[in-house]
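Two complexes are shown next, each including chain A; its partner changes from chain B in the first to chain C in the second.
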Partner chain A sequence: MSVVARLSANVRRQGEGLDLALPYLLLAPAVLFAFAVLVYPIWDGIRASTMSYRYGKAVGWVGFDNYTRLWSDPQFLNALWVTVSFVALAVAFETVLGLALALFCANEFRGVRLLRGILIIPMVITPVVVAIVFRLIYASDAGMLTVVSQSLGGGPVEILGHPARAFLGLVALDVWEWTPLEFLILLAGIQSLPVEPFEAARVDGASPWRVLLDHTLPMLKPVLAIAIVLRTIDAFGTFDQVFVLTRGGPGEATKLLSIYGYDTAFKFQDTGYAAALFVTMGLLILAAALAAVRIMKGMTPP
Partner chain B sequence: MSAVTFSGVEKSFGSVAALRSLDLAVPDHAFLALLGPSGCGKTTALRILAGLELPTAGKVSIGDRDVTRLQPRDRDIAMVFQSYALYPHMTVYDNIRYPLRIRNMSESECRKKVTDVAATLEIGHLLDRFPRQLSGGQRQRIALARAIVRDPAAFLMDEPLSNLDARLRMTMRGEIKRLCHSLGTTTLYVTHDQAEALTMADLVAVMRDGVLQQVAPPAEIYDQPANRFVATFVGVPPMNVLPVEFGRDGIQVAGGVLGLSDDRRTACLKAGVSDVGIRPEDVELVAPNQPNALNGEVYVVEPMGNETLVDVRVSTGRLVVRTRRGFTAAIGSAAGVAFDTHNACFFDAQGLTRVHRAPSKGGE
Partner chain C sequence: MTYRGKYLRTLSRRKLLQSAAGLAAATALPLGLTGTPARAAGGKLIIGAFADGGLTPFKEKIIPLAKAEGFDIQFLEDEYGVTLEKWFVDAQNKAGQYDLYLLDDPWVPQFGAADVLEDLGAAGIDSADTDWIGPLIDMGFWPPRKGPRIKAFQDATPKLVTVPFVGDLQTLTYRNDIYGKTAPATWDELIAKGKEGVAAGKIKYPVVFRGVTGNPIVTSWYPVFLAFGGEFFDDKWKVTFNSDKGKAAADFFVSTMKQNGPPGVVEFDSDQEGAAILGGDAGAIIQYSGNAIKSDDPKQTKVAGKLDFGIVPKVEKAIAQLGIFIAGVPKSAPNKANAVAFLKWYTSKATQAKLSEAGSIPVKRSAFEVANPGNRLIPIALKQLDAGAVPRPRTPDWGKVEELLGIELNKALQAGSGGGAALDLAAASVTAYLTKQGYY
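This part shows the complex of A and B:
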């Protein structure tokens, strides 16, 4: 028998019976698990969004009625608007601030390691705890802001009871908590940039400002885009802090989609409508993320 | 007004001393090649001059300005980095144009300059590409173009031709030399290729382990090396160095006796000379067992096309002889070698040259 023939016989024997099935058998538990915790809930949510519920019980199939209802529901449109402005404002601040801190901490100086460590702390605190701490700061009777204001001779500071200030207060909380994430991603990005082009730019006559605009930012674009997309997706789903601080109030001023959806599902027991809301929200985020990735691809040279 | 001067410049990285008290002056308009083996501190010297590294001690000046503590952008120099340091996010065109853009040059003027430089360096067809789409040699030429597109007080070039193929390197060598000459810009050119240093430079500075060994015009570096290191680092193949003893009628090298004039002999004895050095082209092959010649054995014969190199082993070492094209000899055959001791130089035990090659008496 020639060598080639013997080898191919071997191959055939190897591909028989258990050998063929083994990879699939090994994969099966993981696939089942993924189905149970990922695919099934999503599927169930989509199914629920096409049903009508009364007192928490499904009473019939209504097709896309829940979805069409959303777009004529002023509360939903308001929640969508509040969410989009919250996300835009928070992520913008977080990115600019995170970038500034990252640029500063990318330099080597005494104590920079400690500073980097301290800057990450807000991110690792449990969100609900952060919210409680901020409630202590914002409280109008004995909150920190009021105490400081009074010691300076001013009056009590009303934050959470005032629509615009409550909204900005939540943005401030989000910025405090999540700027560290942007900082961390961007710091890693900056530190992985090559050193030589920056030296070349300095020799070529660029001022620090020009170096930032002409080199740092363009080279950082992909990382910057990832940081922004990541934060945007995450900010869309903000819930705990708002729930603890304002529950969406005063009025509808801080009613994010997540809070409105929660109310719909658990206060008004309109599970189908809430499911439609969350599926829509998921699709919006997905569309935004895809658009962002598209733009990112367009920005990076071939 | 843009002579470049290092005065007592030292640089250490932790416990590594990269430069030990460098004193070096490049006169205005001169082209100085900084030559030395890998790791001797050439790049460090350039980086200090560019302002990318602070010297541990000493002073650097360009023209009559002390620039030791100045930012790179205030020094008015253009540099070609050993690692190219191109801007990865810019096209080749934008890379080359960048220093002009920083200086707010008009777009039409930029375009003209960039196109001219690109034509000189044969990279005109690459202008729309990004650096990562280029070969090493192409990138190197972009880096070179980005430097010479400007009109700075000084050019600093860190092995700008190291990655080119032999033909292109020869061409570029000539182009850079012409360009620097016509611009009249003071140039500090780092290389470890001694042929580049000798062919391009007005002045060659040889460094070793952070210590400057000699600064002189190329011919002087070649003919009157200050020490054994310079003698053997410059020249291909390098100078032959063999231990020498002084007998009654001349010098004894590897068992052979060679004549030596009286005044050179006195000078040698006074200086405590221990080795003799002779360039391959100054050595002749003769028949074995001749008077005034050393005897050895042919180790290998290397035809180079225009000449032949013959490696001869003698009792105390080896001698490379450069001889006519077409020369042949069997490996292992006996050979005699002889040279005129006027063309030799003599080193003491520390490696310093104590007696130089006598002034040329025609021929070489």
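This part shows the complex of A and C:
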């Protein structure tokens, strides 16, 4: 091989090597960052869930004992039931209300822009502040509901001391705060629908109710599914509002998985068991999301 | 010679190692090897506390005195519900965000068992000083000097890991226009005269307490339980709170006290019970000093001059629950020497006298005898200490035990009956939990 040929071969090899490595080098910082903030914490959580902790320190490997313990723990089963009930009820109300508001605000009328702006205000308020405000509304001694009731000649209104009312009070708080998110997503969905089918239906003399059932909802199904999935995932992790409003009481009526897990980890320092609880909770949310995505795929028009 | 060459020649590897070793020794000696840390320059001290009225005199009167003594104090307050976890994580991860924690005393076993606090006895705090109130200094040790110990610490030597800071305990606050100048001696008297006060339109209900699940309801129930003669555990950690006496106390609490308390008491926490007594609605309350010391301040109460203090009412005994603020120095404290120096100054006879004059309950007996205590509560607190006051059981699992008991008591309170059955349920849960933790 001539000197020139050898040199050019060398140059090509160097170029090929750099070309090969460059994308990885450029991606490396992002991959490392993702590993540090996403993969490692998940891995560490899973590792912790297989350990037994005592006095804040890991004392031994227990395999899947923490996971099996969950299913015989009445407090966990209660928290799971409360969480699923809370998510189902809150998301259902939020979706129906959000849809109604989106349908109303999709029309153009005087002041609609202002109304849309006002409607999303609850969503941007810090959850802790919302919870404090609702506590001031619900408190049986000096809360707003009690004051109103007493001014009308009634007695104190007890919300937070009664299991069913406290639970529904928590749902009401969540509905007030997060209906705007559903509203926003669904409004965007409605505004992106083609106008022709609706004009055709109007020409054919279809009632608004039939237009809603036969055109709006079928075409809006994918957006609805996205809204429901997002809210479901988010509602599963609800913590701040319960922490401030009820701390899980009265009794265990509002003890969500997040609160039980937090207490187990930080108050009772049963770190391994709490990790198993949160991993299980993560898997449940993942399963719910995957099921929703599957349903959503089935609904998407071809 | 270049600057670099001169530098390299001057700072040889050996010299560098010698300097580093010297610096390390100079830092370590005052902290660890000499036992008594010297105060670091500047006197910087970061104190962590949970928000509570019981610390108001300390904040308002003692911190300025400490500053005059050369301590540069940063006082960081948090809501009660988050401090335990926040400080435990700080201590365990050696984050070094605080020099001194002002703990609630039931947390001492958790921090002690995790071995994250300095041995203050070794650092020079004298626990043998006879001026300490005995039960209070006992609470500073881990493992406990008296009473049952958990298995893992059965043979360990007790160390003074915390130092009593404010000698808080439960006492009775009552309306003198309902009960007269003498505190009601029994629970029956408290309820009966309270009803007369309601009938006369002076108050809305005889008694107020905390009903929120977990720590609040157990704290309110505990003095009633002690009054009935109940005992929580035996010396082998066997649950005994569901004895006949315990059940009688629980039934009295969830039925009689509920009927004579405010509507909605199930959701009452310290802010609401404080508002009820200071607002003039309630006739009596068992409480810690946080709200009690506000009783004479017309800005904070509608019934100034009508509130007096007494020892807790009895059925069999008049025993209160101790719930003191207790100070611990994390091993990761950045200004450890300052923290120890501060504690020595704070627990001195002279500073304790100032604390008493400021209106806070001291931790040394001599300070109860000052000529002008800053609050009428202080002599009553000493009376209660002498009549009987006990801490909660010294176990790192107290938080979980309190949670399990609190849930059942709260459910019974909602129903207004079934206190005894609630204790049986709680006893079964607590026994199962402690069995799993290796207590038996």
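In this text, the second predicted complex is superposed on the first by the 285 of 302 C-alpha atoms of A that agree within 3 Å, B and C clash if a C-alpha of one lies under 4 Å from a C-alpha of the other, contacts with A are read in each partner's own complex, and residues count from 1 in each chain.
The rule we apply is simple: contacts are C-beta pairs under 8 Å (C-beta built on N, C-alpha and C of every residue); 3 or more make two chains touch, one makes a residue touch a chain.
None of the values given here were measured: they were computed from a predicted structure.
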Fit or clash between chain C and chain B when superposed on chain A: fit
Which of chain B and chain C A:55 touches, first, second, both or neither: second
Which of chain B and chain C A:206 touches, first, second, both or neither: first
First, second, both or neither for A:115, with chain B first and chain C second: neither
Touched partner set for A:128, first chain B, second chain C, both or neither: neither
Superposed model, angle subtended at chain A by chain C and chain B (C-alpha, nearest 10 degrees): 160
First, second, both or neither for A:215, with chain B first and chain C second: first
Greater chain A contact set [chain C / chain B]: C
First, second, both or neither for A:268, with chain B first and chain C second: second
Partner chain in contact with A:42 - chain B first, chain C second, else both or neither: neither
Touching partner for A:156 - first (chain B), second (chain C), both, neither: second
First, second, both or neither for A:197, with chain B first and chain C second: first
Lowest C-alpha to C-alpha distance for chain C against chain B (Å): 52
Touch list for chain B against partner chain A, complex: 50-52, 71-73, 75, 77-79, 81, 83-91, 98-99, 102-103, 130, 133, 146, 150
Residues of chain A touching chain C in the complex: 54-57, 139-142, 155-156, 158-163, 166, 243, 247-252, 263, 266-270
Partner chain A, residues of chain C touching it in the complex: 81, 84-85, 88-89, 92, 110, 113-116, 152, 211-214, 262-268, 272, 275-276, 396-397, 399-400, 403, 407, 410-411, 414, 437
Contact footprint of chain B on chain A as seen in their complex: 194, 196-197, 199-207, 210, 214-215, 218-219, 221, 301-302
